[in-house]
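Comments concern the structure below.
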Amino acid sequence: MDAPVPLELAVRFAETDLMGVVHHSAYIVWFEAGRVAWMEAAGMPYTRVAESGHHFAVTHVEAQYRAAARFGDRVQVITWLALLRSRRVDFRYQVRRVGDQALLATGLSQHICVDLQGRMTRIPSWILDGLQAGAARLAQSGDPALVYQGDGP
Amino acid sequence: MDAPVPLELAVRFAETDLMGVVHHSAYIVWFEAGRVAWMEAAGMPYTRVAESGHHFAVTHVEAQYRAAARFGDRVQVITWLALLRSRRVDFRYQVRRVGDQALLATGLSQHICVDLQGRMTRIPSWILDGLQAGAARLAQSGDPALVYQGDGP
Amino acid sequence: MDAPVPLELAVRFAETDLMGVVHHSAYIVWFEAGRVAWMEAAGMPYTRVAESGHHFAVTHVEAQYRAAARFGDRVQVITWLALLRSRRVDFRYQVRRVGDQALLATGLSQHICVDLQGRMTRIPSWILDGLQAGAARLAQSGDPALVYQGDGP
Amino acid sequence: MDAPVPLELAVRFAETDLMGVVHHSAYIVWFEAGRVAWMEAAGMPYTRVAESGHHFAVTHVEAQYRAAARFGDRVQVITWLALLRSRRVDFRYQVRRVGDQALLATGLSQHICVDLQGRMTRIPSWILDGLQAGAARLAQSGDPALVYQGDGP
């Protein structure tokens, strides 16, 4: 399950708060952008899941904040698939500052599969297989710059 | 069409930016909360419009900013129905600081009626009539504190 | 430390996403509004902390999602002071739907005290004492509607 | 003053609403990201303005919405410097869907220069000159793909 995918983002002015740094809720949105990027890199874009009438509803999210991101920073959201079961998928995240690679935050999200009425359901097998195959492919291609470095989430 | 409805909101910390004041995009969200409050006060809550398979899609929005709102402030979003046609509805807004009633911003939004596929359509007559009747009732009941004071949007 | 403070909010249209329900990041902003309300109820409003040149920086936040909030719902964010140390303060949260009191989400946030340069510092004693005294007062006055019901955060 | 700068963004899931499309307030945030990109391309990044103790406070913003952006879309925010005076700077915007270049929205923002206390002030001459020189350079280098096409803001 070691298949990191990086996404680079520029901090938006609107994401800062009166403390002069990025508001903590912005990271939750960045994590989501990270897992969308992970799924696209894995060959199973979230749009395909949605078009099939399914969603990965969030049941748990958490973030640990280590250092502040600031306006003017570019950040890298690195996403890993952390768990994949018939009814559940988890992702882990690191947010690093581009440049010095300082670790700003780590995170975790847990998801269940729901249908368009919001009812819990099994992840369709073609989605499950696609995610698994994508994760395996990403783990093999392993960009050394993104190897999990032990201080992570 | 002179039927102001006030909505009082507490500024959220997350709505501030690194300038130490409320970010200008927050007012656009407040305007929306204001017109939702207007429709509820008029007896035609937006949830009824949505449940009937219609939406009031925004075609134009604008805001003029006169003074900053700050964390700790309570603000009053005052909303007027500005125009009502078979295919269009406009709202006007004032944002005032609670306490000294200082005018912080004014605004305008224009809307067309769309169906669930996003196609432009006439506003169903029961919605049109409901809005008209609600506006008339609100104009009559006219809270003097909310009379349009000439310096407005 | 059993001193719940409720804050009632109307779901904003802007807080929904294409799944038709409130986006999970909105709850993180609601938790913040909840702790701001707690501090005000405790007689130690966050504006006083900020004016003294201090902030309670978020080091950890988490949320568990049990049921969806929808546009048209009013929700109650109930906040408890969970931990208070010389350098740390934690809050716990429940989000309930107004009406049937259904539990929609629970959460936790952890904070350190920082100065205006973002350096970690002790919580000034007058703030610490104020929070403690406020929590005690709130615990005594205990609104029965808000007694912690065991299924909580 | 014809110096368009494009910024490409992926629509975020969090930017959608229950109508299934991007919420109109997200475009206001995209415009801001667009003018930050314009200033960086012009060699006068906003971080330099802020570090000098100045801000370009928004006094007016408006947007016209023509077609919806959806999750899965990539959009291009194209920004022009529209006006530059000793005390004022305006920007114009187009949002286009990447792929078919469909025009989704146009917009305008007006700004005054303020100091750290929020008092209106002249734009410092080194900033004014830098913006002017950057605009001239951008207008010359003119990427044909971005020539203003007459249907714009």
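By written order: A, B, C and D. Residues from 1 in each chain.
Here is the rule we go by: contacts are C-beta pairs under 8 Å (C-beta built on N, C-alpha and C of every residue); 3 or more make two chains touch, one makes a residue touch a chain.
Owing to the predicted nature of the structure, the values given are computational and were not obtained by experimental measurement.
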**Maximum centroid distance from chain B, chain identifier (CA atoms)** = A
**Asked** Can you spot which of A-D, B-D or C-D is a repeat of the A-B interface, where more than half the contact pairs line up?
**Response** C-D
**Message:** Quick check on chain B against chain C: do more than half of the interface residue numbers occur in both copies, making it same, or fewer, making it different?
**Reply:** same
**Message:** Comparing the two chain pairs, does C-D have more C-beta contacts than A-C, or is it the other way round?
**Reply:** A-C
**Item:** Between chain A and chain C, centroid-to-centroid distance (C-alpha), Å
**Value:** 26
**Request:** Just give me the whole-number Å value for how far the CA centre of chain B lies from that of chain C.
**Result:** 28
**Complete:** Taking each chain's mean CA coordinate, chain C and chain D are separated, in whole Å, by 36
**Prompt:** Which residue numbers or ranges of chain B touch two or more of the other chains?
**Reply:** 13-14, 18, 21, 25, 29, 32, 50, 71
**Complete:** The chain D residues in contact with chain B across the complex are 18-19, 21, 24-25, 28-29, 32, 50, 55, 57-65, 68, 118
**Message:** Give the list of chain C residues in touch with chain D in this complex.
**Reply:** 13-14, 16-18, 20-21, 23, 25, 71
**Request:** Within their complex, state which residues of chain B touch chain C.
**Result:** 10, 12-14, 29, 32-33, 36, 45-47, 50, 71-72
